[in-house]
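Before anything else, here's the structure in question.
By written order: A, B, C and D. Residues from 1 in each chain.
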């Protein structure tokens, strides 16, 4: 069998990187590092998009690559860093599930995600269909991360990386969504982060900490 | 309906009204003899009634009209009952108008008025008697009805004369169902007529008395009517017993003078025997505590139901 | 079999239109009450009597249609889009409309005099709720499709709920209202499901379509069961009766009268409609359920009535008993009809319907009587009443008629229906089912026992309230009821008497109903208009008129005889006090005392809580409270179970967002797995 | 044209109020814009009824009976809520629970929220619908935290995170849909997300992928519908936000989310020839009904109580959609309508009650009927209506749903019966003492402006007694679209 073309190999490497980064985020406890990892993920995503654009010549992919670059590598991390500095939240406390355990669960999830991706892969016509499983895995891992974290900040980062996963999925399955949708999504993410910013300050001025265990008063069970 | 039917009807009623005190007298006589006492005269009850009627009536201040109406109603119902029960002949004009259920209803009406009257003045005894009377009643009535129903299941009618006709025609021997209900009936009879062991008409002992407690506030003619009604009630019950269990001698079918000629003496004899029997039972048994009465009547009720079940089981 | 029997459909449904107009009239009257909500004069003196007249008119119209025996249909363009409101006036609905109209005439007149300011809700609002209640009951009876039936049914429940909670400041009354509405709603849902079965996949909810639908035995049985639960809950069938002894005392007396006298009958109507009409020919063993439950209800109700100390609770339990009698009749009817004994079925049905009519009059009369007493004395507790026959003769004597009637004494109406029921019990002939044959005598025994106990209850009721000495000094100020009340009471009493004296005419009228439902009528053995001889070939008969005349004749003769012979004057003297020196009212027997033999005999039924005085007590007091075991046995466990489940459900929600996320996560994964395996 | 107005007006309103929302007359302006939106919606509805479906803005917008009726409903409730919030929010301002600045935020966000929902309803593009749904969350999350109390912040946070995550799943689902569609519609990617096109080719779409897509969409939008166990955000957000927001969340947002679910169900059912979608909907519906009715039992906060009842009713509607068939769908649509009307009116009265008694704790609210008869009767009748007591419209839909269930899904009826009984007991036992009973408070001098409440209840009452033919046809057409 013939070796895959270079672009293909690069793309697969990007996908692998993304998955790696998600695992890294899952295990990472320092918020600043977390944000950096997120930025890195954004960068890889952008790179992948560029590659894809270059290989397929779909020009709207250039736009979305640029969008990703601006938004997820530059703007959002910068915002988050500012927030961290302003709010003095550097470390997350011990996650609810210890790292090795989380890793184990993450592994299981990856397997599940791959098996899940089979039918989609069979269907998709793109050169990158093999990456769908990874995209799904990234989404689910981000989900897992949100579950296991105790600080609002790291939960947000998880939320954003989930967005990454979804976008990567969109790209690898069908060379991205229609432009209007892409724009809409980007807008939403941006607004979301702004809203979150406001939120953090409100939470801070109330509880002077971003620890989530303050936010457990509304419940049915006493 | 021929004239003679009407005559029989009237005759029955008159005979009942006239003979009821005598029957009580006879019962007391027998009891006295059985207890080695000197027997009072057979006519004592008549003298009592006469005496009471001549007295001046005294009525309690708190008494309402109901109190004064009651004796007449009670007496009237008992008289009417006597007309319904076929003691001599069965072709009675009143046959259609009221069957056995209505008869029991009639007794119930009498009881109701009696108890209400007893509660009217609002003395301790009156209300107490009323309560006990109703306690007896709510068990005795169903028992009596069930007894009658056994017979009416056999003769497929609730009209007493028809039942008597059917039984008298002797097509059947003693059915097992009837045997049960006969026992039940005797118990009911004792209870309903305030005889020992349920009540002792001879005493005014407040712990035990039922009937006497109710009529305690009555005097003179009202009391007389009440007493007479009681005697009539006893008479009627005995006659019901005859109609159900000893229908022999009753003029069935079309009544001729001959029939009456047979029926009247037959009735007299049966009454005499029944009186003696009752006296015997009363002498042999002892007065029981008031709270045991429901059990006594419960047994009666049970017997009656058993009779019915037995009949349904074997009767077909 | 009675599919074939289809009465003629008249061209223009004149009578039906008339009925609808009258129902609308009631609604309008109700709304008119809002014009000046606080004015007693407007509502009491004008609107309520007007409503009463409408009731009379309704009775007349329905009576006409009953005698005509025809069927009228009408479709109004309201309701669901593809289900306009179908209305139908046939003998079954007519007889119940007669019941509604006739008894409401008396009750509304009484209500006109009864409602005053200070009843909590403003008179105008009461007027609205009251007449909506009436109209809804009427609509229930003429509705011919499931939707309008249920709407009317629930409006009925709702308006009566608001009437029950007239004095909503009292917590007990709120509790009563809550239990009432809850039971009503659950019952209504059961009915809803029942109709869901009955429509049989035709998706037409008209009763006509339901008659046509062919259901498998399983479905039909399910429908019957649901109907029994739904209507039983409304009628107060044990063990679904718990709301009844709470709600009836809570409501103002005219409302209690309406609820007990009429509303319970709408449930009976529904049961007959579904069980004998919509379901077509019933299966005989369906009948066993209502039969057995009915018998149970009779005994249960009358026993609890006997131990009550609150006069309205006592009446409420007696209503439970009477509903038991009615359902026993329904059960018999179904058993007979299912076994092909049509004449007997007709007889049983006759007894059922007759008892419905009787109970409507008797019970309304008694409830209104208690209403007057309540107004005059402000007392519901039997322990504080007594001797009112002197203070309020009208009420006392009219109530006496009701008491005698409900105790089943000849020649009043209560006796007739019980007589008919016993006849249908007696001559079951031989059903093809052995154990039913054995069940029947037991049933008969229970019915008889119930009747006798009813007598006991009524003596207690009447004797303690109206006879004896007043147990409170305040009773001396009691006043007799006003003229409107008197008219109302008299009307109802007359109804009791008439129903007792002219059974034949009533039965002839009821023939149309039995013909419609069973396909058979009870043939008359004799041609005399006064002779009631329902069972052909059996010499069984009853002549109330002759009976009455005979009784009166004998009594009067006695009176005259005594008067003529002995004319000593009557002297009044003090009652004999055993020389104790002065009888006091406290020496009389009490309501508790009257309950004692029953409590003693039927201990297992009751949950008794006693407080006995010590010999050394300075102020000895005796208190006894009797409660129903059913609460502890049935309802408290249910509530406990729900609470337990609620707590478990609450454990899911501990307020921690990670856990919530975990829920979403797990859900997602599970569903994905499911989707994948598909 | 109408559509343009319909979408422009709220945006304009948002902009205007964003600048001038703090002024004295801002509430009136808000109401005015909502009124305009409503009129536009009516015009649109009329046009659709006259000329049938509309396809506008190079196919980006698609109006059919199904969504036009929801559009009208949304605009209507939006308007009445604006009317209600006019005096209500002023009072809040006077009570010092708000600052003019926050009032401005409230007003502009309110308009924005209306916009996002109308967009989600009218757009033909599944992707755009997703964007709008996310937008709806974002625009309301700051309204939930309007009071800045700890509880409200917590509620807001949960609302944001849970719905955000959910919506992300929905996006993934949308992508899967796109993938599957692209296969059929060609990869130029313009039309592949347009519902109309998807609907046209739904039978050719790849089943497994669509099944997966449906799962993602269901979990995503289901979170916003408040289906158990994805519902956790709902009671908090409803209870802690200002009352008008609770009203629109419960009355409108849930509907729109359910609309999204149903739209996707239609597509998936066309392709997956299995019971999966309907089974899932029925399952979620039942679970929601049962759990919600159980949790109702324990509530102490009046707004929380009715939030749970919203979950219950959404469960009923979902169950009905799951059963499918013309009658069930008809009933479900009707149920959505009457529920949003009734529930919003209940929230209005509950808000007034809480405002007058100064607490949301139900055991401290007593004797409303003496405090202020209109509020008392409003709450009583509203609760009875929501509990499915005739002659109110909720009964109509429940009648149809239950009877259908009895025939097609008899196994579910005992569960529904029990759940409805429990819910009735729970809600009514809490409402009755609040309305009736003794109260320490004096009768209030001025009656509150409850026009919206009684308007809503009147409509619900009407729907219970008589459904106008054109409305019925409208529903039927919609039910047919959903696949009767």
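Basically, a contact is a pair of C-beta atoms (placed from the backbone, for glycine too) under 8 Å apart; a residue touches a chain by one contact, two chains touch by 3 or more.
These numbers were taken from a predicted model, which means no experiment stands behind them.
Asker: Centre to centre, using CA atoms, which chain is the farthest one from chain A?
Answerer: It is B.
Asker: Decide which interface, B-C or C-D, involves more C-beta pairs in contact, and give its chain pair.
Answerer: Looking at contacts between chains, B-C has the larger number.
Asker: Using mean CA coordinates as chain centres, what's the gap between chain C and chain D in Å?
Answerer: That pair's centroid distance is 44 Å.
Asker: Taking each chain's centre as the mean of its CA atoms, how far is chain B from chain C in angstrom?
Answerer: It comes to 36 Å between the two C-alpha centres.
Asker: So the centre of each chain is just the mean of its C-alpha atoms; given that, what is the distance between chain A and chain C in Å?
Answerer: That pair's centroid distance is 70 Å.
Asker: In whole angstrom, what separates the CA-based centres of chain A and chain D?
Answerer: Centre separation, chain A to chain D: 31 Å.
Asker: What are the residue numbers in chain D that touch two or more other chains?
Answerer: If we look for residues of chain D contacting two or more partner chains, we find 157-158, 161, 165, 169, 208, 212, 295, 298.
Asker: By residue number and range, which residues of chain C touch two or more other chains?
Answerer: Answer for chain C, listing residues that touch two or more other chains: 647, 649-650, 652-653, 657, 661, 664, 668, 672, 676.
Asker: Any chance you could list the residues of chain B touching two or more other chains?
Answerer: Correct list: empty.
Asker: Could you run through all the chain pairs that touch each other?
Answerer: A-C, A-D, B-C, C-D
Asker: Looking at the complex, which residues from chain B come into contact with chain C?
Answerer: Per the stated touch rule, the residues are 53-64, 66, 68, 72-73, 75-77, 79-80, 83, 94, 96-99, 101-102, 105-106, 108-109, 111-112, 115-116, 119-124, 127-128, 130-131, 134-135, 137-139, 141-142, 145-146, 149, 152-153, 156-159, 162, 216-217, 220-221, 225, 291, 294, 301, 304-305, 308-309, 312-313, 316.
Asker: If you look only at chain D, which of its residues touch chain C in the complex?
Answerer: So the residues of chain D in touch with chain C come to 157-158, 161-162, 165-166, 169, 208, 211-212, 214-216, 218-219, 223, 229-230, 232-233, 272, 274, 276, 280, 291, 294-295, 297-298, 327, 369, 384, 387-391, 395-396, 398-400, 402-407, 413, 417, 420-422, 424-425, 428-429, 432-433, 436-438, 464-467, 469, 472, 475-476.
Asker: Name, in rising order, each residue of chain C that touches chain D in their complex.
Answerer: 78-82, 146-147, 150-151, 153-155, 158, 165, 168-169, 171, 174, 177-178, 181-182, 185-186, 189-190, 192-193, 195-197, 199, 201, 203, 205, 642-643, 645-647, 649-650, 652-653, 657, 660-661, 663-664, 667-668, 671-672, 674-676, 678
Asker: Could you please specify the touching residues of chain D with respect to chain A in the complex?
Answerer: Against chain A, the touching part of chain D is residues 60, 125, 127-128, 130-131, 134-135, 138, 141-142, 145, 148, 150-151, 153-158, 160-161, 164-165, 168-169, 171-172, 175-176, 178-180, 182-183, 187, 189-190, 192-193, 206, 208-209, 212, 235-236, 239-240, 295, 298.
Asker: In their shared complex, at which residues does chain C touch chain A?
Answerer: Touching chain A: residues 647, 649-658, 661-662, 664-665, 668-669, 672-673, 676 of chain C.
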